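Order of writing sets the chain letters: A, B, C and D. Residues in each chain are counted from 1.
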Amino acid sequence: MNIWSTLDPAQLINLTIVVPLIGAAFIALFSQQPNLREGVSIITAVVLFTLVLAVTDNTFSKLSMETTWVALFPGLEIAYSVEPLGVLFALVASFLWIITTIYSIGYMRGHNEENQTRFFFCFALSISTVMAICFSANLLTLFIFYELLTLSTYPLVTHAGTKEAKHGGRVYLGVLLSTSIVLFLLAILGTWVSAGTLNFTPGGVFTQAHSDSLVALLLVLFCYGIGKAALMPFHRWLPAAMVAPTPASSLLHAVAVVKAGVFSILKVVIYIFGIDNLSDIATTDVMLYIGTATVLLSSCVAMTKDSLKARLAYSTVSQLSYIVVGALLASSVAAAGASLHIATHAVGKITLFFCAGAIMVAAHKKNISEMVGLGRKMPITMIAFAIAALSIIGLPPMAGTWSKWYLMVGAVEADKMIIVVVLTISSLLNVAYLLPIPIKAFFNTPSGDQPAWSWSETKEAPLPSLIAIVVTTTACLWLFFYPQPLIDLINLIPDVSTELKGRP
Amino acid sequence: MAEIIDLVLLGMLAITAFNIIFIKDLFTVVMLFGIYSFLSALIFVNLDAVDVAFTEAAVGAGISTVLMLGTLALTGRKEKASSHKTILPLLVVCVTGAALIYGTLDMPLFGDPDNPAHQHVAPRYIEDSPQEIGIPNMVTSVLASYRAFDTLGETAVVFAAAIGVLSLLGLPKRDRATIQSGLKSHLVLRVVAKMIIPLIVLFALYVQFHGDYGPGGGFQAGVIAAAALILYALVFGLPMATHVVPPRVLKALAALGVLIYAGTGVVSLFLSANFLDYSVLAEDPVAGQHIGIIAIELGVGITVFAAMLCIFYAFAGQTERKNIQ
Amino acid sequence: MSFIVDHYNYWIVVLLMMMGFYVVIAANNLVKKIVGLNIFQTSVFMMYISIGKVNGGSAPIAAEGITTYSNPLPHVLILTAIVVGVATTAVGLALVVRIKRAYGTVEENEFEDKEDLI
Amino acid sequence: MFAQHLPVLPIILPLMAAPLCILLGRSHLAWLLATLVSALSFVISVDVLLTTLEQGVLSYAIGGWQPPWGIEIRIDTASAMILSAVTGISTLVLVYAKESIAKEVDPSQHTLFYTAHLLCLTGLSGILSTGDAFNLFVFLEISSLATYTLVSLGSDKRCLTAAFRYLVMGTIGATFILIGVGMLYMKTGTLNMIDLADRIAEFNGNRTLKTGLAFILVGVSIKLALFPLHMWLPPAYTHAPSAVSAFLASTATKVAVYVMVRFIFTIYGAEFVFHTMSMDILLLALAIVAIFKCSFMATVQSNVKTVLAYSSVAQIGYMILGISLVSSVGLMAGLLHIFNHALMKGALFMAVGAVLLRTGSVDIKAFQGLGKQMPLTMAAFTIAGLSIIGVPLTAGFVSKWYLVTAALEQQQWVIAMLVLLGSLLAIIYIGRILEAAYFKEPSELTAGKDIKEAPMLMLVPMWVLVIANIYFGIDTSLTLSAADTAAQLLTQSMTEIEAAQ
């Protein structure tokens, strides 16, 4: 599957970052010809995906890929180096970009949005920064593109230009920039000053020589500094960002942006602190329990939300904390579960968002209470919704099963039974806030007698959107039956493994 | 003896300053300031700083006072009683004063020849300058040669002040159809002025070129020459004065003086010496120094004369305007 | 006692400086502020000239038969400083004239009130 | 032939050009001359900077008199670095000024404007180059007098009171410096900076020298607008012509910071200032209050120039903070920020000036809708604004990085955190303006007017600065090596003391 094998492997990294930029340039160029513009978007997305596939291929064949752009400070470069976790994230993001682009075409046209060029342009820009985040070789590079991701997605959040959009944008930018500048940057600088390096190093960069309190402080700073991981109480930006058009919400705020957050946390835990050292850090448990609290609390909040997108947003907050919890359990299996959850949650949640968008376009409904009986009008959408919901809950035969399984096993391995209990309760809460939606849609009817259902009654979303929904729904199922490639990839990450280690 | 004179003068200064704080009549305040300036000039003489005294008398008591009076003519002579808070300024002043007194505790003894100030750099000026520069007035030597760069800066400051005043007030127009203004009815004054003014100009020239030997130099000469013209303008009216020395010429002269000064330095550059190194201006280094000093003193004199007169014109032009209105 | 004799000059000069300084910051009338500034500066000049004094010295103009001269360097510095002072005064007074024309007053609190209205 | 005279040329070129402008009379000739001379000074300064990086300190004896008897021009890397920034900004501002002052200043005063600008440049170059404490005072006064004139050229009558306040405060500051220098001279008998440094060392703890330092620091603090002595700055920058605000905001206060660095590190030595007198604690406290108080003030202003003026005071806080950390890295961060801040504030004020030219107002309401009407100007404003905030890949990030590093190296976590928190306020005050420009409909101030993009002569210098912001945010090799060398040189004595202990 490597069609780029003639290229120097290091060039692949540059290309993954540059190709979306070139795409963005063409999108801007063809602002007056919508068909050409969207064509460019799709082609760029496909090319990018093949590039990432090539990178994956090289990763499996243990080819090291590194490249350096420029030395920003003495001893600190903007540099990239491929490692399996990044590849996993890149795969998910680039694959879903194709699907989202197809979906957006239907959605944006169906919704008659304005400034579509700006939308596709910023979309491409943000994917470029996501790729750079995936492959960054040190914290500085990660930080730079983390910030650029925030800035390049801001126009997407405020796309509508309404008062609410501006307010949402303010919260979004405010929380993300504040946490990253005040806490994340401080953590990075603290690491730099004390450890003398920011390179992602298997096993971590801290040694016994570093004071315990320093490392403990840094862990807290990192966990909260990476605001995109939406750990409570810095989760407010995520619901606020839901004012964005649905395609943007689905890719960026269910996949790219939030996953960039948890990805960064995983990366920091694995490559800066080292999983094996985590249990020695005083604050690990504190952050762990804040994570579990976030899991439960945000699930509870989700239940109270009537707006579908808001409910999904809080669901996302909760699911992100699964990954944070997995990362902090100091168990290789839990870390594997967390990594896998990046992929499985992505396909599940994006499907849910796609469905929400489709309902908005086709039925103009935003609130769950209005969706009673919608199954008659939009059967395909609602079936997809049900499948994705099951995946999020973690029921077989859906993709979510695997990641939750590993997380549970990891919790057991780490001897933290309370986490097992919390994860179970959380799954029940998931059932409680997700499943009623398709159930109402299919089994409740607004008023007594209704004619028998027929195809003519349906009014589904535009075809491109529908295709996208079907593809991601399939992926939810597919990943249950064929998770092996992803699991193989995860097992390549140092210190992370789906195999239980023997107790010492 | 010197100490007693010093003490008396300082006491008088203190009384003057104290009065200035409380008097509301600004005309009196300005006059008191003129007196303050004169008294300090006397102190300077008493402390052997004749050049400084000369300048302080010409500038503080002369130019500054004239300008202040000119301003008062435009803004009114009464200071209004105000409810301005006096506590904070008093506090600031007390703190600053206390700091200064604290600083004096380790100060070297007043007048002690062993003070560090007299031991390190200054002896060279006193002992070697008559030979190195070839002129007896050490102040002129230091001013025009050792520290010529300061003096170049000083000339630039005067020029900058002229630019500032010009941009703020503008120059009066040169008016051919001159209205006779000034002190027309005071015949005696006019006659006396006509006699004195040439003498003042002559004195200015003397000060200009005698600065190497006695107190004086370009700056003092420029001020005195300007004073002559100011007197002329006061007695015969601004239009007449602008007729004699047109404002545009003054502007050009002020610029020219700076150029002469800096140009002298540049000539040294072309003679492959450092900027403002006059030794290369003639075969004999001492003669070169002399030429250089005369050139730059001329530059200073021209700029100061022109700038001061310019500033006076600008103020007087305003008053004239107000009178016409 | 000798301590006083050795320092009285500086102390009185400090007193003069502070009177000038007080006028600068406390006066409400702009012309008076400028007068204060001048007093302040002139007093500083006196401090410098005091530094240059040498007991038994004479003015620093070389002449036959004189061996002790006062220090010429402070004199030079103060010559420059006086010029700087008059330059500042001139610009300051020009500003006062313009302020009078623009606001109709040169009392600080009065034009401050007018500025608030803008 | 002139190679050995290069250090003195950035002073005397503008000094001689200023009277020439008056003699030329015509304003466009004066403009051309001023711009050319300024550009030439810039080229020379850069050359001097590179020379200092290779050869170390350049010394030049004016009049051929060796220091300490004569006045010495002494340029080390710190001087040359800031000198390059000042002359560079001056050139760009002059290019920009042609169109800008055509609208804001009466035509009869254009020649005077260029003359005053050149005099101001002379003064600033002189301050940066001189190695003599009293000579520094003289040049300080040249630049100050020219500055008062420049400020008073504004079109609003409030510029007059602003200039007057500036004049009174500035003169008090200069007189304080004069008192301090007098005390130095009294105890040491010399005015040459290096000579002073040698002789002060033996007087550690002397009360006269302590008082002298206090007066110099207070005097310089007025000039550099250190909180709470900053009250003159916001009105002055608000009501001055835009070109003047752009020039002063990016150069004048920075040069004053340089003076402070010079007095603290070269003349008195860090040991005296920070150890004997514990000035670091005071400066640190003032710097932090300045950052927060003035950033906050910036967030509540409606006049965009006032916003930027308060932001300047806050940014000066960062520079002082770097100095007060008493380390080579801290000083380096301070110097870097002097340089980088010049780039950002210059660009911001230029953008605001362009808005003033086209809309006739600098109220935040006038910015509404400009994102569409003046896209290039607002893009420049945006990028320079991001640099102020300290977003990565801009120059502002680099200086902030080193500032925080310096704080962390001293284990000052709280201070590091405060520095970063300060950037949040910058997000707010820049963000407000950007929001107005990009998200709001034109207000009644500009509605219905046909607003065009700024003229080319204004856009080009603005964008040169914007690109410099990005360039020095990515390729930091030149600025870093210059700032590092400069800081090493300045803190040499400090490291020696540490080594001895």
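The rule is simple: a residue touches a chain if its C-beta (ideal position, glycine included) is under 8 Å from a C-beta of that chain, and two chains touch if they have at least 3 such contacts.
Since the model is a prediction, treat every value here as computed from it, not as a measurement.
More C-beta pairs touch across the B-C interface than across any other pair of chains.
On a Cα centroid basis, the chain most remote from chain C in this structure is A. The central chain here, found by comparing per-chain C-alpha centres with the mean of all protein C-alpha atoms, is D. Averaged C-alpha coordinates give centres for chain A and chain B that are 76 Å from one another.
Chain B and chain C have Cα centroids lying 13 Å from one another. With centres taken as mean Cα positions, chain D sits 31 Å from chain B.
Work out the mean CA point of chain A and of chain C, and you get 70 Å between them.
The multi-chain contact residues of chain B, meaning those touching 2 or more other chains, are 100, 104-105, 107, 115, 117-118, 121-122, 125, 147, 150, 153-154, 157, 160-161, 164, 168.
Multi-chain contact residues of chain A (touching two or more other chains) are absent.
Residue positions of chain C with contacts to 2 or more other chains are 17, 21, 25, 30, 51, 73-74, 77, 80, 84, 87-88, 91, 95-96, 98. Chain contacts here follow an irregular pattern that is not a line, a ring, a star or a complete set.
Inter-chain contacts occur between A-D, B-C, B-D, C-D. Those residues of chain D that touch chain C in the shared complex are 134, 137-138, 141, 145, 148-149, 152, 157-158, 160-161, 163-164, 167-168, 171-172, 174-175, 178-179, 182, 185-186, 191.
Taken together, the chain B residues at the contact with chain D in this complex read 99-100, 102-108, 115-122, 124-125, 145-150, 152-154, 156-157, 159-161, 163-164, 166-168, 170, 251-252, 254-256, 258-259, 262-263, 265-266, 269, 272-279.
Of all residues in chain A, those touching chain D in their complex are 70-74, 143-144, 147-148, 151, 158, 161, 166, 170, 173-174, 177-178, 181-182, 185-186, 189-190, 192-194, 217. Residues of chain D that touch chain B in their complex: 1-2, 5, 8, 12, 15-16, 18-20, 22-23, 60-65, 68-71, 108-109, 112-113, 115-116, 119, 122-123, 126, 130, 132, 134-135, 138-139, 141-142, 145-146, 148-149, 152-153, 179, 183, 185-192, 195, 199, 206-212, 214-215. Those residues of chain C whose C-beta lies close enough to touch chain D in the complex are 17, 21, 24-25, 30, 33, 37, 40-41, 44, 47-48, 51, 73-74, 77, 80-81, 84, 87-88, 91-92, 95-96, 98-99, 102-103, 111, 115, 118.
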